[in-house]
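Both complexes shown next keep subunit A, but they swap its partner, so subunit B is in the first and subunit C is in the second.
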Partner chain A sequence: MRKNTRRTPTTRARDRRARASRTSAIDKLPALELPTGTRAHRQALAILGNGEETLPRRMEALRVLQAATFAEPQFDAVRADYIAALRKLVHDPEPELRHRALGFLSRGHDDYAQATLLEGLRHPDKALVSPGDALAYLSYNAHAGAQSIARSLFKESKDHVVREQALRVMASDPAARRMIRTTLADRNEPVSIRQMSAAALHALDPQALQDWAVKAVLDKTEPEDIVATGLTAMNQFSDATRISGNAALRKRIGEMRTKGSGVMKRLAKSITAKHKL
Partner chain B sequence: MRVEIEINNSPLAVARYVTWAWTPCRIRVTDPAGITGNQATIRLDQTALGGGGSIRFANAAAGTGAATHSLSVPRDGTSAAFFIRGITASTADPGVQITGRQTGAAAPVGTVSLMVRIRKDATTLSNGERDRLIATLAQFNNQGLGRFADFAGTHVSAGSVEAHGRPGFLPWHRAFVLDLERELQAIDPSVAMPYWRFDRPAPSLFTPQFLGRGTLNGPGTTTVTLSATNPLRFWKAGPAPGITRDPNFNVAGAAPGPLSQATALTLGNPGALFRNFRRIESPIFPAQRDYHGSAHVSFSGPIDSIPTAAQDPLFFFLHCNVDRLWAVWQKQQGRFDVTVAAAFESVTPPNRVGHNLGDTMWPWNGVTIPPRPNFALGGTLALSPCVSAPGPKPKVSDCFDYQGVVQLSNNMGFSYDDVPL
Partner chain C sequence: MPAIAEHEQKFAAEVDRVTRLSDAAERLLALCDEQHVAYANQSASAITRMRGWVLEALGRRPPLADATIPYVLEELEAPSHPYLLAVAARCLRAARNPHASFALALGQAFRTAPRLEAPVILGAYGGFGGGPGTVTTSPVRELVATIEWLGPLAAPLAEDIHDALGSGSVTPDVALALEQLFATLPSDPPRECCSELPESIARFVRWRASPQRGVGADLDRVMLEDHCGNRSSFRGLFRNGYPTVVAFFYTRCDNPFKCSLTVSKLGHVQRLLHARGLGNSIRTVGITYDPEFDTPTQLSRYAHDRGLLLDSRHLLVRATAGFDELKHHFALGVSFFESLVSRHRIEVFVLDQKGCIASTFHRLNWSEEQVVDQAAALVQEKGGRVGSMASFVGLAALAVPKCPVCWATYASVLGFSGTLAYPTPWALQVLAAVLLIAYFTGMLWQAHRTGWRLEHAVAVAGGVVATFNTFVVPAGAESAVAVWVGAALMACASIVSVARRAPGSSFGREVSASRS
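Up next is the complex of A and B:
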């Protein structure tokens, strides 16, 4: 009988504690006493699917099988069985196995995994992983149907991880552009959320990010990490004339070369040299 | 008098990069004033510049070479040939200046600067080398709209049979890493692809200043922490921005899954056969371990799966190391010559297309007719201003003699810091 594996958002911390406590055991790579040749794959699958086996042995079986997926023809004979085993693991009581299975499946755009994750986001009582992790797994497929849920979660959630992952999903959603721009400009938002917004806006609308970067660099009241993010974006992706043609910007960057922290000085010097200011 | 010195037989500045391999050079008189007779004797010396490094000279592409070199140069402007090769690597460009002086004279009659550009262990890069590399990677990625998308989109399930599980695994990935490296060098010629020596600790690679810090034994959902000044924070190679990667081991130590280099090198036994050696690709039973696949699954995140692995820039550090191991084995066993049976795995009937010595490799050949995949991203393999091999549509056989040991023209233009010529 399947154990109750439903997870709530609060399970994330517990899952992490569990992982930490098992780290040393997992790192030892226990011997699985596998046979030679392709029979080894079958044996590893049996260990992986057996809930009576120890977690380290099941983790090692999963590690070996996933490593073997990189050898195409040899693994083809068991590939379908491996996918089926991963789909079962999605409901396993062990959080590490559940997460790794969801990760492997999501990276292959597996329909079952995506549907399960979406169901958990719509109905938290059915969630197998935290909403932040669910969004992270769904972010591998822009067509997984997670974008509207991501927008809702970003607005409603207080969980930093959820909002950060929602921004990543929103980065492929043109309907989220305005929300991302607003967040980037909002000083009440945490710096890391604003920085992720910068990356998301860069993906959606690079020109808008450059416009913001100029404002951020000129604004002496912005936190240093935000100014550094703006300068880095400018240094890497702006065209030279946009910087050299802005007298106020040139002056500000010139000031930064001699004032401020070492990081800001290095950035200002780098941008001066690269763009020949 | 004046002379012009050409590296890689090219007057172009972008061709002034050398490796451990013998590099053809030439010198010619551009202003004969002061030359008595039909030729001048020129002595070539070297001086280390800011980037450091050193070279050796020789008349022919053989032997150990010497720190200086004298040769006769015709007065009429005809070129005289000589060869150089790197002995110690540069850390920046330029690294070495060659100065020509007429015998007995102190004044230079010509100079040229170059860089000894070598693939290094990523943990040994200077901060400057590291920062130039990640800036170049970020620029090439260009918010997910650049050519990097072609690389990420090539190493996917539909193209996997071209690259994995068969004898072409090592040659294909050698070309793949080289293609990316040359694209990066087109942006900044001073960069070379470093390698992640995953059977050794490499903590400095997984820091906010380099490839980012994930969560130990995290679920593979952590967007790695990058410093505010790290341009990789704008990385986008899949639908979502950011690099997602959690280590399944303590990065203060070595990844526990991959075999040690010493053990992996023995896989070619018995017989030092390529057929045996290529078992580094995926787990060998009953031992459970390998060199390549286990490195991929040392982390949770895109790097652990074929469809997404190349979205993570770590992929190229990892595969550079796999390629380096092949290079070490080739050097140990003398397996550069494809006419030597043990250097490859030729069989009858032939391997699947794309995995035989005479086959061109996808996607660079542009072939999209079955059994090849129905797409080919990125065009032909990037050309180098320094060398002509392996060509725009490389065959499997073009990816063995990477330092031109068998034939100088096979030189692919890269070397590893710990694999001598």
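Up next is the complex of A and C:
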């Protein structure tokens, strides 16, 4: 049985450290002196692929190249070389470069990156990044074929980050609908997991989310964050008749306008105004 | 290099094995079919690698059979993956001869390829890895080689080549090859440059069904839900007296040249139908491959974003039951990975008034005009025998007796029989036919009893006009005037008949006199 907790301070600290470490390199990026056009791209590619270069210079080269992918038509002339360089970076000893490369390749639905990530999930000894990160990258492509692995990781893993990222993948998987609904209704699940389940359910079955939202808002024993999730779902996606036709719900929302935390009051007022309750 | 899953390893080995057999071409062609068991429950990425490996094997055994060429052109017309695109471009060069019609697909691929440019290693499964006998290339390089192979027939691509050279978006060696090619292209393209596919190839991508495939009992399980949430059976939706243009799609398709384009083109079909005055006599229906995900809201949004107008005659639907039967009936070229579509071809059908498949367009890009022509031809063919629903309703209304007491009786009968809850087109046709038989029988019986009179002749004439307008005049060409003339004649007959029975009227006296 899992404890009904929010994200723990330890988890938050770990997330903060990870974010900080990823952004620190950017903060220190040096300005590369590059010519213009394709020559610049080729020079940046050379810096990026050179393991002797400093990490900040390689990161800057990567930034310049990635920016050029959508900004300059001449980039098409070096696009194949850029993809080849990114595929090499996937195995780079520098974790930051590995992550960046996997992120960029995954957004482009690159087959090589997807195959590498899936292999790492199936055989953890070959994994280049953590399972949570691998799932996050794979979630960029609903056709990557990560759904069944995501479901099994969600069931088996004790790591909240892995389970959250698994839910992102499962949000595109109709076969996971029942599991998501069960998780959303399960008070023993952490709040963050239930909130992520709500987002996943909205993608798969918006009606089911609205049904759950009504129950959650009416249930005075639900944690405030969960009720707020239910209110947000109603506020954003429900239709007025569904709310106005439910006397108990109207009454409960009316109570929330005056009682409860500031967030709840704001949400309740917003629903009242939007749906003219 | 990432390891390849065991299933794919076995598949690749099997492809290598059959490539050495004498009937390799037929066996490899069978592996191109999306419904082949090898693709069942494989992810989109896996299927891309598998199909790429099959195309590579086909390309190594020239000349390509005509039946194979649509599979190659399909990857060029709807490019989505660097490996498949590069392999298809190379494979086309194994065709017996260059043909002008290939330029269309090559042009599409050439314009898209720069965005898909990536290193591709031919001879290595999946396009990555390496080893002896492998060649590193890219989609653009292979396309340029194939355009060179096309020779003067590549003339329609001159503008694309010029643009690529001008933008500096190709590598120096590719630019050099393109410049040399550009110099050899005729400034005045030959007329056959943009010609249609030769019939020997086109017959694999579009045909008229003969005999038309009927609606089997297995389709009774199919239940369809439209973008508004209204539910209908397959027969209720398609056996309605109207030809229907049916296109398959799903909203999560990430290939912009497939589903998104298909639904946009369905919108164009609607506009063409309206322009030809056929908007009310030919329906359009888009059916999703992904009924679990494509909810009515999702369907509405998708249609709206692509300029498709939805109403009671033009729908997007999902199968809430019986998708397998639907898949079997249309012989859909789609494979699934668990509940997700992993691969599909472009598929458009024209159904006749009875819901039977009359024409099929698949795999390659289809012409909206051709589809509309096929559907319009069905209206012309069947119009003489089957009228539109409006005519049936009108006819039924004309044929019933019209006193207020009778109307209450009809309402009761329709209510307890459940007819109103299930207002299917065939039910209305049956109702109209039964009422007409009753109408004419009653009229003839009355004439037999009293002798032929003016009102009988007028009533029969009115009935004949209305019946002719509904059953004989082609669908879509029925005349509202004829309906009104029929109605007026029938109403006149009723008035004359009643006036004859009214005491004191000249007709009444006439009746009394005749009786005495």
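The definition used in the following text is that the second predicted complex is superposed on the first by the 244 of 277 C-alpha atoms of A that agree within 3 Å, B and C clash if a C-alpha of one lies under 4 Å from a C-alpha of the other, contacts with A are read in each partner's own complex, and residues count from 1 in each chain.
FYI, contacts are C-beta pairs under 8 Å (C-beta built on N, C-alpha and C of every residue); 3 or more make two chains touch, one makes a residue touch a chain.
Keep in mind it's a predicted model, so treat the numbers as computed, not measured.
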{"item": "Partner contacting more residues of subunit A (subunit B vs subunit C)", "value": "B"}
{"item": "Contacts of A:G37 with subunit B and subunit C, given as first, second, both or neither", "value": "both"}
{"item": "Which of subunit B and subunit C A:D186 touches, first, second, both or neither", "value": "neither"}
{"item": "First, second, both or neither for A:E156, with subunit B first and subunit C second", "value": "neither"}
{"item": "Contacts of A:A142 with subunit B and subunit C, given as first, second, both or neither", "value": "both"}
{"item": "Touched partner set for A:P206, first subunit B, second subunit C, both or neither", "value": "both"}
{"item": "Partner chain(s) touched by A:D110 [first = subunit B, second = subunit C, both, neither]", "value": "second"}
{"item": "Touching partner for A:Q74 - first (subunit B), second (subunit C), both, neither", "value": "both"}
{"item": "First, second, both or neither for A:I83, with subunit B first and subunit C second", "value": "second"}
{"item": "Partner chain in contact with A:V129 - subunit B first, subunit C second, else both or neither", "value": "first"}
{"item": "Contact residues common to both interfaces of subunit A (with subunit B and with subunit C)", "value": "37, 73-75, 109, 141-142, 172, 206"}
{"item": "Partner subunit B, residues of subunit A touching it in the complex", "value": "15-16, 19-20, 22-23, 26-29, 31-37, 40, 60, 63-64, 66-75, 95-96, 99-100, 103-104, 107-109, 129, 132-133, 136-137, 139-142, 164-165, 168-169, 171-172, 195-196, 198-200, 202-203, 206, 224-225, 228-229, 231-233, 235-237, 263, 266-267"}
{"item": "In the complex with subunit C, residue positions of subunit A that touch it", "value": "37-38, 73-81, 83-84, 87, 109-112, 114-116, 118-119, 123, 126, 141-145, 147-148, 172-175, 177, 204-207"}
{"item": "Subunit A-facing residues of subunit B, complex", "value": "135, 138-139, 142-145, 157, 160-161, 164-166, 215-221, 223, 227-231, 233-236, 238-242, 244, 248-250, 256-257, 281-283, 285-286, 288-290, 292-294, 296-297, 300-302, 304-308"}
{"item": "Subunit C residues within the subunit A interface of the complex", "value": "2-4, 42-46, 48-49, 81-83, 114-115, 117-119, 126-128, 138, 140, 167-171, 252, 254, 292-293, 295, 297, 337-340, 342"}
